[in-house]
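This report concerns only the one structure given below.
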Amino acid sequence: MPSTYAEDLARILPETVLALGACFALVADLLWKGRESRRVGTIALIAIAASVFALLRQEPRPAIAFGMVTVDGFGALFKVFVAATLAVVVLFAHSSRELPRHGAGEFYFLLLSAGVGAYFLVSTTNLLLLVLALELLGLASYVLAGFAKGDRRSAEAALKYLVFGAAATGVMLFGLSILFGLTGSLDAREMASILAGKAADPASGEAVDRFRVAGPAVAIAVVLAFVGFGYKVSAVPFHWWAPDVYEGAPTPVTTFLAVASKGAAFGALLRFSAALLPSPAMGEGAAAFSGKLGSLLALISAVTMTLGNLAALRQTNLKRLLAYSSIAHAGYTLMGVATLEPGGFETSVFYLFAYYFMNLGAFGAVIYFARSTGNEDIDSLRGLGWRAPFVSGCVVVFLLSLVGIPPTVGFFGKWYLFLAAWNAGFGWLTVVAALNAVVSLFYYFRIVKALYFSPESEAVFHHRPVPSLAAILGLLTVGTFWFGPFPETIRAACAESVRFLF
Amino acid sequence: MSLGAYLAVATALFVLGLAMMIARRNLLYVLMGIELILNAANLNFVAFARYAAPAGGEAALRGQVFALIVILLAVAEAAVALAIVLHAYSLFDTVRPEEPDLLRE
Amino acid sequence: MERIAFALFAAIAVGGGLVALFHRSIVHSAFALMGTFLGISGLFVLLGADFLAVVQLLIYVGGILVLILFGLMLTKPDPSERKLRRVLLVLAAVAVPAAILVARIASAARWAAAEGPLPDPKPAAREIGFLFLLKDAYLIPFELAAFLLTVALVGAVFLARQPHPPPPGGEDR
Amino acid sequence: MGWLSSIDVLTWIVFLPALGMAAVMLLPSASKRAIRGVAVLVTVLAFALNLYVYVAKFDRWSGAMQLVTEANWIPAFDIFYRVGVDGISLPLLLLNTLLFALAVPASFGIERGVKGYFALFLLLETGVSGVFVSLDFFLFFVFWEVMLLPMYFLIGIWGGPRKEYAAIKFFLYTLVGSVLMLVAMVACYLDAVPHTFDLLKLQELARNGQLDGTRLLHGGILLGLPFQTWLFAFLFIGFAIKVPVFPFHTWLPDAHVEAPTPISVILAGILLKLGGYGMLRINFPFAPQAFQDAGTFLALLGVINIVYGAFVAMAQTDFKKLVAYSSVSHMGYMLLGFAAGTTWSVNGAMLQMLTHGVSSAMLFLVVGVIYDRAHHRDIARFGGLSQRMPFYFGLSSLGIFTSLGLPGLAGFVSEAMSLAGSYEKFPTLVVISVIGVVITAAFFLWTIQRVFLGPLDEKYASLPEISAREVVSQAPLAVLCVALGIFPVLVLNWQMPAIETFLRLIAPK
Amino acid sequence: MADIVFDGGDFARLAAVPLIPLGAFFVQTLVGRFGPRKGDWIPVGALAIAAALGIFEFAKCLTVWNPGFRVEWKEAFDWIPGPAESRASFGILYDNLSATMTAAVGLIAFLIHLFSVGYMHGDRRYASFFAHLCLFSFGMLGLVLSDNFLSFFACWEVMGLCSYLLIGHFSEKPSAAAACKKAFLTTRIGDVCLFLGIAILWTRLHTFRFTELWDAVPRVLAENGGAYPGWLVTAGLLIFAGAVGKSAQFPLHVWLPDAMEGPTPVSAMIHAATMVAAGVFLTARAFLFLSPEARIAVALVGSFTAIFAATIGICQTDIKRVLAYSTVSQLGFMIAGIGVGGIAAGLFHMVTHAAFKACLFLGSGSVIHAVHTQEMPQMGGLRRRMPITYGTMLVSTLAIAGVPLFAGFYSKDAILSSTLVHAMEHGSILHALPAIFLFTAAGMTAFYMFRLILLTFHGEPRDAHKFEHAHESPWVMTVPLTILGFFAVTGGWIFGENWFLELGKGLPGMVVAEGEAAHHEHEAHGIAMWGSIGVAGAGILLAFAFYQWRKFSAAAWAERWGPVHRWVKNKYYVDEFYLATVVRFVMFLTAVQRWFDVWIVDGLVNLVGGIGRAAAAVSGWFDRWVVDGAVNLVGWLTQLWGGVARLFQTGRVQTYVAWGVAGAVGAASVVLWMA
């Protein structure tokens, strides 16, 4: 029985609540004449909380709203992921000094609208809605990247992000148009069933599996489409913008880009590859096709993580180092995607959650240190370990998790990824990943060395603790340590959510 | 006319757009390049819509709706692009894309 | 007859693009771009997308082109570039692989398309309008596009607003 | 209090220090006394619990695993929290908790970052105790890594002049070891028919030859070598780095010289035994066939350890380095004992782990006492201390003669059993290693002569006698040195049945 | 004869004999030093009780003479648990030999404790001296009574420890510090050989207990067709090597002369009566494991040591060094005696030697105590000032020289006769060597002993100042002297040949000569008696000639024999030889230092650096490979990536787009290529 208008509206309630919250924040800022930036922040937080509340109250049965918005467990999980990141980014924005004092309304408006874009991104298999969501997320991010108006680095970051983003989106659109041409449909699931159907082979004429006929064309189109995802996820051939933008943009925005935008893009990538991926039932041509895609993804994953780790070795700027580290972690997550099977997807989703805790923590620490040392260079941190013992302790835990040393959540994340990749036959990929983990040890521990083992730098003297930020970092550390030994809750959620995709 | 011809024109425009973005030394060319690429995609969409379902009906319009939305995106993107370019221009006092290179290796 | 019209409009579109790419002065390029947009609008008419052709004309020529011209006027005219040969090189570098790929796609693809003479298209503006309002059709994209425009508006205004108050922490850290 | 007793006592022993760490973290870093108080309380309580288990709750006649508790942890990958103890692990656990309890008073001298120090210290204790009690390979590996980190920081931050280099070297060596172990663990997990990490099940599988890698590698052969050889090699290198065995030992002297005294007591007293314990529990039972073939090679390594360690110790001028190399030499006896595989030699090797733990801990405390007073450890610059500090001379010569292997003291029993037991299998090697015994006597006595005897150097005329605090931490060890010498029964009765079961596991089929 | 009733009570008393001194040691070290008179009465009292118990039990044995008397208390204390064949436990083995030894050692130890109360009066470490002495007594008594090799070895090493502590008593003197270390190390080499021997026996026969081993030997011989199997020969020789180390026989004798650095009572007790005798005791116990060829080797070693040490003793000037070399020589006699089969003779000589050598040492102690020097050239004419000391030392010298009616004559005569019997039986020159060596050594003994007496007590006082101050020692020193002097005289009669010769029959492995062999023995006995008297007389006359009547001037002979004299004076450069070879070889291995203990102070540091470098080189490559390898690998990666990054990450966004497109094209072509 087709769902009624009211039911559909109820299904997209979280998105609407978030959008309304954005507008309300903008109006509130105007009413308070730009003086009460902190209270606007709280409004944004309330909006996020409301959207999550709405999300949780939805009935669990998966359904399609308005013909193209699939509302299911997988979407819900990623929406929670995006909402949680938004909340932390808002808190970071409170205590970061990089944002102009009176642009709060616009900032939270753009941030929440980017959130709306991310919500739609993870809950659709329709090409049109996908492009719209990507574009909404993108535009908001371009402006957010350039939000520190007077600062030339931020302007340059926005410019570069815009140019590269526009080019990538353009190429993706071209790819999607060809895909539309080949299948005549806009929905990935529909496309897959069309492609699986029989079609007359132009050469031999007899009914042959369509896939072997249109295979190469579909492959090229899919690759062009992947450019859009690759750019958002900062996979290797399309990661060039990431280091510069991450370094230039204000840190809360960088956090948003590195965690929320990347997470949502992974969600969309998982959903599309699950939908588009021809199930083996569709004949061996399809299986060969998915095999090829899988090994391509594995290759990209290996190159991404290796380049990310190697480049990070030589960084002196903390944000740029974390940029390369986040590229490397995108590489690790791609490992799970490359397996193209539910077991693998589940490990990628878990790794994203592990990534959530450790990376948010790392960026939070950058903000915390930037407040006392005034800049983001590693050697200006020298000796801070003794002056800010609590936060430095948290940083050590985050770094342990980023490297993947046991009892942290990072180790268990990597452990699942390696196991899934090994079972899927990518033995060589596991070895490359293990080597990368060892290499990553060096640049992460350079930070520890600076914090604890080196003589104090003068920048560290006027350090004043920031209780609110320290509290957030503390929570994230608890998360990193707690979900290490007891990952069962998250793992079960991820495994169950992935089942919705197939 | 055959579908291939339209595909050829669209590809030509796509190539020109890309070349314009990469080659020319003025940020505004980049903007123009973006528009060209999006137009190429639009042309593709409409052409496939026409040939896929000549009899009209919802399938035929699917391409046109997509094209419409893409045009709308192009407008939004052009606006934001211009704002960012001008903002950068006010700080770097140049439109050459390689001038602002504070963020590099 | 229809074949000649296609050739004409295609020539205008691609020619305008080439001129826009290679012309030294940016103003001439802008106007050449207008030619391309007109050409494309004509092609749309041929393809039976009449509403789309009008929208193309209104928005691209009336909106975006004007936007770009304003951009030109606001920025200092840079000395015209001399090394056009480099542009040709880049064009070739991009064109060749693109051509190969698209040719590969065309040869391999079994377009879900009918061959031979097509029945003449019917005006579709009303149907498109309805499509945008029908719940199970494209209502969500319509609403989302609207929201997108507001976001673009707010973002562009924020960035373009003068004066820029100096950011905390000095000019350039 | 119902639920307190429901948690089994082993988990209490392991996680009590972790609770202590949490308590220390909550205390303000200024209140040094409170922190030290918590540390003492926690370590002593853990030791008392352990002693209670050792004496009362452990049936020492059965060689089987006892007090086994199981709780599921990550059921998806058959990872369970399995804890249990038998004749092999219980004595080592007792030594571990004892040394930690004694190291706490020894670390009252630390002034900088006391809170951080004791937090890491207690975390280290949890890690080490965990390794000794865990029966699940994954749990074993996690605790093994948990132990690695505090050690790196303890040496790196509170160490001597070249502390960073020593810390990094220690970290790298142990990391390489643990990576090898991780690979071996995954291989075992994937190869076991019902995928499992349970050590006892894996031992059983290995016992009847099902752990042969056929499920993992086609035909169980990789690059020409059977799976068992690879498994044995990976695990052996992983544990040999910890023991340390000859080629991998260069981290030990640096780590000891740079580590603060209480940490090098723990390092020598317990961390070296982890390697030996790992071999006994995992390495040999998992690849019994490879162990039989590699017997002579192991024995050779053991003898090299003995002789090389002794000769290099002879050449040292730094007192701590000398004791470090003597540890290398002593661990050689253990390896020789394992390789021979007779009842007496394995029991001797096992006992050697305990007696060396006691004597080397004693020696490091002794070195610590001089270092706190003279601020240098150069043997040649001392002289005639026995006149200024007679009581101290008594204690340290007791420690030295125990390490020397003087009958009537702890060292002799284990050395004699190892050598006598191994004579049957490797007569020539035992004769060579006897040279090590003589050289050990030589460098230790030469040290006594240069440090304690001879004319008193006027620079040290004002050295104060050993303080009460130092005596408190050394007295139990002194008593143990003599007690284990006269009554080795105290330990042998507990470990013999367990060694019996171990020998049955690796007996050639 | 009625068997001696040995019940639990006796065993308790026997166990008490060693344990009381042990208890006294602990009490003294922990508490005693703070008590009255610094606690010296605790060890002395303990020794008194131990001696009394020892003598009481010995007396019990004497009442009913039974050569084969042997009684055991198995598994008294369970040391290493485990199944039967790998269990190690301690017990008591009490036969005639251990009976005599317990009594003799107990008595001598008690006397020496008494003597040191006076001698060590006012010493800085008075209390710990007595503690160590008492621990030593436990070691010796424990050794004599133990029934298995493990507890034997344990007590053996405890004695080594005590000799180390006691020699190093005056630890301020660097020479004492070096001497104690040298003593411990040299004996340690012997101990290690002993341990190996025990290990071999244990591996083969799976037991440590003497009785079981003795029963096993005939079984093994039978299996091996009457001949000694290879491993048993090596085990026997290794065990004998242990004895060589402890009793300072030829190759390992270097430590005994240096041990004189210790206080004189220590020298008297450890280095005259008890510890060194332990080696002889061990050879007796392990005699059964020595194959015939091994026994000849033992005899040769013993006899050579005898003559070798005697020659050195002749030209020593330090009174204690003379006595030290005389001890080495007399030990050579005992070992040779056992080697040629005269176990009883060897043991008889051991007991008598214990008595008069202790007396000689204590006498020299009181002399040194009086004149505060050990150099004989500075003494002379002390006869008048110290009559008691002179009297007892004269008696002991007569005994050691082998003058009839004195203890030494009987025991030395027994040894000489058994060497003659040995020589006659085997006839070959090799077998005759021990006899020849021993006779000449006996002569020399007489010569250097009387030289000592004449130089110290007779003639004119060479140093007036010292002579004036010389005075007789207090009673606490002279009383033990007289008791020991009494035994030196009566020793021969009381114990007499009959007791010891009879005792010999009961010992394992002793072949009782009957028939034709008995004839040999009787004949040899006569020749030996007259031979020894003649040789002793010649020695005494020569000594008087040189030092009393000045017929020949010692100095003249010295230059005439120039090089020989210098060689002999410098102890045949044996010490230097050792330093040059064995020690240097060890050092060569460690490349630590050239002269081990002669040049300790200077020139050491750079050589030690040498070994550091050598050790570093050997194991350094691995260290470099792991640590520095990892570090500069990272450095290399960083440089490599620096260049590449600068090429790509140019900061110009258009190149980014270009590379992005190139990447897309690459990916597409890869997918196509894979198709």
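Order of writing sets the labels: A, B, C, D and E. Residues in every chain begin at 1.
Definition applied: contacts are C-beta pairs under 8 Å (C-beta built on N, C-alpha and C of every residue); 3 or more make two chains touch, one makes a residue touch a chain.
Computed from a predicted model, the values in this text were never measured in an experiment.
S.K.: Spell out the chains that contact chain A while also contacting chain D.
M.R.: E
S.K.: Could you work out how many touching-chain steps separate chain B from chain D at minimum?
M.R.: The distance in steps between these two chains is 2.
S.K.: Measuring centre to centre, with centres taken as mean CA positions, what chain is farthest from chain C?
M.R.: Measuring from the centre of chain C, the most distant chain centre belongs to E.
S.K.: Tell me, please, which chain's centre (mean of its C-alpha atoms) is farthest from the centre of chain A?
M.R.: E
S.K.: Taking all protein C-alpha atoms shown, work out their mean, then name the chain whose own C-alpha mean is nearest to it.
M.R.: Centre-most chain by C-alpha means: D.
S.K.: Count the C-beta pairs in contact for A-B and for C-E, then report the pair with the higher count.
M.R.: Between the chain pairs A-B and C-E, A-B carries more contacts.
S.K.: Counting only Cα atoms for the centres, state how far chain A is from chain E in Å.
M.R.: Those two chain centres are 81 Å apart.
S.K.: I'd like to verify one number: the distance from the centre of chain C to the centre of chain D, where each centre is the average of its C-alpha atoms, in whole angstrom.
M.R.: Comparing mean C-alpha positions, chain D is 73 Å from chain C.
S.K.: Could you please state the distance in Å, as a whole number, between where the Cα atoms of chain D are centred and where those of chain E are centred?
M.R.: That gives a centre separation of 37 Å.
S.K.: How many Å are there between the centre of chain B and the centre of chain C, using C-alpha atoms for each centre?
M.R.: Inter-chain centre distance comes to 5 Å.
S.K.: Can you pull out the residues of chain A that are in contact with at least two other chains?
M.R.: 128, 132, 135, 139, 142-143, 146, 149-150, 152-153, 158-160, 163, 167, 171, 178, 181, 184, 215-216, 220, 243-244, in rising order.
S.K.: Provide the list of chain C residues touching at least two other chains, using ranges where the numbers run on.
M.R.: If we look for residues of chain C contacting two or more partner chains, we find 90, 94, 101, 104, 111-113, 137-138, 141, 145, 148, 151-152, 155-156, 159, 164, 172.
S.K.: Mark out which residues of chain B touch at least two other chains, giving numbers and ranges.
M.R.: 3, 7, 14, 17-18, 21-23, 30, 47-48, 52, 65, 69, 73, 76-77, 80, 83-85, 87, 97, 101-105
S.K.: Tell me, which pairs of chains are in touch?
M.R.: A-B, A-C, A-D, A-E, B-C, B-E, C-E, D-E
S.K.: If we count contacts the way the header does, which residues on chain C are in touch with chain E in the complex?
M.R.: Answer in residue numbers: 90, 94, 97, 101, 104.
S.K.: Tell me, which parts of chain A touch chain D in their complex?
M.R.: 386, 389, 400, 405-407, 411-412, 418-419, 422, 434, 438, 441, 449, 452-453, 485-488, 491, 495
S.K.: Please give the residue numbers of chain D that touch chain A in the complex, ascending.
M.R.: 29, 73-77, 113, 115-116, 141-142, 145-146, 148-149, 153, 156-157, 163-164, 175, 179, 186, 190
S.K.: Which residues, counting only chain E, touch chain A once they are in their complex?
M.R.: It is residues 634, 637-638, 640-642, 645, 648-649, 651, 653-657, 659-664, 666-668, 670-672, 674-675 of chain E that touch chain A.
S.K.: Which chain B residues qualify as touching chain C in the complex?
M.R.: Listed in rising order, the residues of chain B that touch chain C are 1, 3-9, 11-20, 22-26, 28-29, 31-32, 35-36, 39, 42-43, 46-52, 54-56, 58, 60-61, 64-65, 67-69, 71-80, 82-87, 89-90, 93-96, 102.
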